[in-house]
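In the two complexes below, subunit A is the common chain; its partner is subunit B in one and subunit C in the other.
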Partner chain A sequence: MSQHSFRDTHAVCTERFAIELPSPDELVIALAGNPNTGKSTVFNALTGMNQHTGNWAGKTVGSAIGRFRHQEHSFTLVDLPGTYSLLSQSADEQVARDFICFANPHATLVVTDATNLERNLNLALQVMEVTDRVVVAVNLMDEAKRKGITIDFVKLQAELGVPVIPMTARSGEGLNELKEMLWKVALGHVTPTPKLTTYSEQVERAVTALLPQVEPLVSGVLRSRWVALRLLDGDESVLQALEQYTLEHPRLFSTGDVVIPS
Partner chain B sequence: MEIIPLPDLLIGERARVVSLNATGAQRRRMLDLGLVPQAVIEALRKSPAGDPVAYRIRGAVIALRREEASLVMVTRI
Partner chain C sequence: MKQGQIQQLKNLMQNLQQQDTTDLRDQIVSDIYARTEEIVTQTVMLPENKAQHEFDRRLDNVLTSRWLGYPIMMLMLGTVFYLTIAGANLPSSMLADFFFWIEGYLTTFFLWLGTPAWVHGVLVEGLYRGTAWVVSVMLPPMAIFFPAFAILEDFGYLPRVAFNLDRFFKKAGAHGKQALTMSMGFGCNAAGVIACRIIESPRERTIAIITNNFVPCNGRFPTLITLATLFMGGAIGLAYGSLVATAVVVGLVLVGISVTLSVSWLLSKTMLRGIPSNFTLELPPYRKPQFGRLLIRSVYDRTVFVLKRAVIVAAPAGIATWILANIQVGDASILQHTALFLDPFAQAIGLDGYILMAFILGLPANEIVLPILIMSYLSTGAMTEMSSLVELKNLFLSNGWTWLTALCMMLFSLLHYPCGTTMWTIAKETKSTKWTLVAILLPTSIALSVCFLVAQTVRFFGLV
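Showing the complex of A and B:
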């Protein structure tokens, strides 16, 4: 159920999120994860010196943007604030949620901590509810080994329905496999099929009742099921974000346009 | 097994979460932090003023104010 199109990524990132992309062909990867999962180490390992930091417009939340090349393609990696959730109300979580929901990234990479998977999968499951194009990196495999933790990756990947890559970012282990998978997912060579959480019968009934009204309003922008669930949550910040990001249509840029981030 | 509010847990003690009395966004926040029924929580240390208290919740150290912690019902283990 891929409702997203790649078409607008460039315009959306440059205009709405003030992220300058070198060309409309640029593949955009959002990087999410809990605090202390080694997310920054993964970011540094992927982008090397090729990065810069700034602030999200209007929020006191730091951002880092980095670039790397793989298989003749150029990637822009957007480091989102470390969060436990996309659903609570802090500025950090709203930035992460808005970027994953509205910037239309070609893939979202969720970095998790191998020594603490249970806690980390909460965010991964939430991201999977928003978008199909998810890759999960299980980082800190060296620490897990030292602690005697073994992970059944075949089973984990089957349970989640999205690619899962074991890695140790600080030694570079798994880095190539990760780049290769991001490339495949970003270009649609691999289509993840997230296994979505089924809620209680009561909630599912309410979602089914809401869908016919939600669908025509958000189709092509967001997954209707996710919006219906947020409506049931009474999450007004999602409604505000929907209004902010969908009412005005982004101007399309062409190659050679000069973009000055506001 | 006696059910107590989380602030009654002494430093160094561990407990299992029984239920949350929070609602709405606050409940959501607690669930996201890993405070779900059956989760193990350990009282690690108090701040100098005694509030907030640092707890270990599913491998992360998280400080909760008394006001929030009192909404978490636990049993000692």
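Showing the complex of A and C:
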């Protein structure tokens, strides 16, 4: 991953994603999650009335942007479209993926539904493949309790390798813990170490074979393991996005010479 | 990053694509799922409610069974239509009576005011009568159909329908999720088109968008139901009349679904070639429907919404139609001239000039096709009073209708170009003039050819 700096995030957000940040010190948090997980409730709970709806440049997908303060820091929370994965090519999923990959947010918050973790964790695992700075919120704890579901959070956190915060956004339970963790991760006080998915032998062999070729091409821009997986996946939209985002803003991603596209 | 680096990545991907990586692709997805499952089994303790689970599984085995799934599906669909058709008759004619009773007073009031005849014409015979027809023909079926459909949805049955249809869509080279977006189209095609966003690949999404129009939306159901009731159910009042009418509507829906599948197949073999992508459809647990909340929500969210839209479009269309029908050029009105002009062509596809005219004027919303037609007939025909469905049938008969006319109008309504709102939505979603044109021209040519074939065949064998 590129060394993340405030200046980069600020410039990419304003220029590419049409999100105005009030100051270069603003901490940017991407908010991802499956549809119907209470993601908007989390968004509202964090930002209160401090939000407005924005539209992505060139996309029909609308998105809400909100702000909150914690520990003397100001945060901008970008609500990404609800998606089940980052793997496929629906407009919603591309928007979510591109923001997490290319806007360089200081942290990505993945909201999951405590009553349906099995479906929800897929997205968290995929986000963790793209970036280290992930916080997982397990929302709807009240419903899980009502249904008699119990979750071993110590173990879950160990299995994922990223901070996991149980919460009930509706009643505000866990909200402060979440803000505190986002603050710590965004400023680098806590460095998550995602436990990445080990794929089956066949896939791992193919990834290993690809890495030496991919590594020098994407280092400093994207995680090469993830790019190798997308190449195997045959996901051309990733390359299109890479082209679009890195060539339009070469100085933001340049690892050496700056090339202005003709 | 440099252009050259991206080009190198592209080359790498191309090389990989020359090898067969389908296995790897599936493997990547299933490995992530396996990892999630592993984490969840280690960290989540589920309560013991095996009994519920077992019940769901058994029910699924029946509702999504290869043999029983489809008959049950048709039975469910049929029941909803039957309830709608059988239940809407009486309130419909009561509403019509009520509105035309009021119309009498309105006319008296305008006479008393001493306004010129054309003011009364525009406001009462145009605006009021058009709107009153929309409300009395559409409100009762909607008030029954929507809650009934919502109950099926809330119970968890609709995802099973999608599951049943999934394999057909895959065979047609389309995406399984299209079964879901198609179902949404039954509510409103514009909503169905927007729902196509859930389909990942642009190719499959385009197929789903173009074919969404082939299932009848709320705006067209009243037309289909009314015509089926009038002409297919035999004489009104017959005990089995509603059943026959139901069968006809179910049949039309099935025609719509098969056209959807055939056109999807055709597109996926020609303009939109490719391999259908995989998806896992999750079947949610069955739930006890929350009747009270459902009733309120479907009345407010759907019935009132659709009705409001219909009235907003119908009111100005009513005025326009009345004006077209009342401005005389030479010996006939503009409407008559146009209808006369369209008539030979319309007759060839089993319709008449007025019906075709109604479809053209009804472009803004399908809800108003039937009201416009009625208004056109009224302004030229003999009837002055509209008090029940029997009178409506007489109006049609006096304008030369046969069961073939009704059938062709139903087929045309089912298959013709999308309404204005849907067209606009398609243009916005595809961001392509080409695909928008395809989405308009393809259904139109299908509607024209099917109606032509049906009309000519029936006439050739002398069946009417």
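Quick note on the criterion: the second predicted complex is superposed on the first by the 242 of 262 C-alpha atoms of A that agree within 3 Å, B and C clash if a C-alpha of one lies under 4 Å from a C-alpha of the other, contacts with A are read in each partner's own complex, and residues count from 1 in each chain.
By our rule, a residue touches a chain if its C-beta (ideal position, glycine included) is under 8 Å from a C-beta of that chain, and two chains touch if they have at least 3 such contacts.
The structure displayed is predicted, hence computed values, not measured ones.
Under the clash rule set out above, the superposition-derived model of subunit A with subunit B and subunit C contains a clash between the two partners. By the touch criterion defined above, A:L121 reaches subunit C but does not reach subunit B.
When both complexes are overlaid on chain A, the residue A:T208 reaches neither subunit B nor subunit C.
In the superposition on chain A, A:Q71 makes contact with neither subunit B nor subunit C.
By the touch criterion defined above, A:E159 lies against subunit C but remains apart from subunit B after alignment on the C-alpha atoms of chain A. In the superposition on chain A, A:T150 contacts subunit C only, with no contact to subunit B. Once chain A of one complex is fitted onto chain A of the other, the partner contacts of A:N176 are absent, as it touches neither subunit B nor subunit C.
Number of subunit A residues touched is higher for C, counting subunit B against subunit C. Steric collision with subunit B, judged by C-alpha atoms after aligning on chain A, is confined to one stretch of subunit C among 132-140, 168-176 or 438-446, namely 168-176.
Note: residues 87-89, 118-119, 122, 233-234 of subunit A belong to the subunit B contact set and to the subunit C contact set alike, using the contact criterion stated above. Interface of subunit A with subunit B (complex): residues 34-36, 84-85, 87-89, 113, 115-116, 118-119, 122, 233-235.
Taken in their complex, subunit B has these residues touching subunit A: 24-25, 28-29, 32-34, 58-60. Of all residues in subunit A, only 60, 87-93, 117-119, 121-122, 125-126, 147-153, 155-156, 159-160, 197-200, 202-203, 206, 210, 213-214, 217-218, 221, 227, 229, 231-234, 236, 239, 242-243, 246-247, 250, 253-255, 257, 259, 261 touch subunit C in the complex they form.
Listed in rising order, the residues of subunit C touching subunit A in the complex are 1-3, 5-6, 8-10, 12-13, 16-17, 21, 23-25, 27-29, 31-33, 35-37, 39-40, 42-47, 197-202, 205, 277, 282, 428-429.
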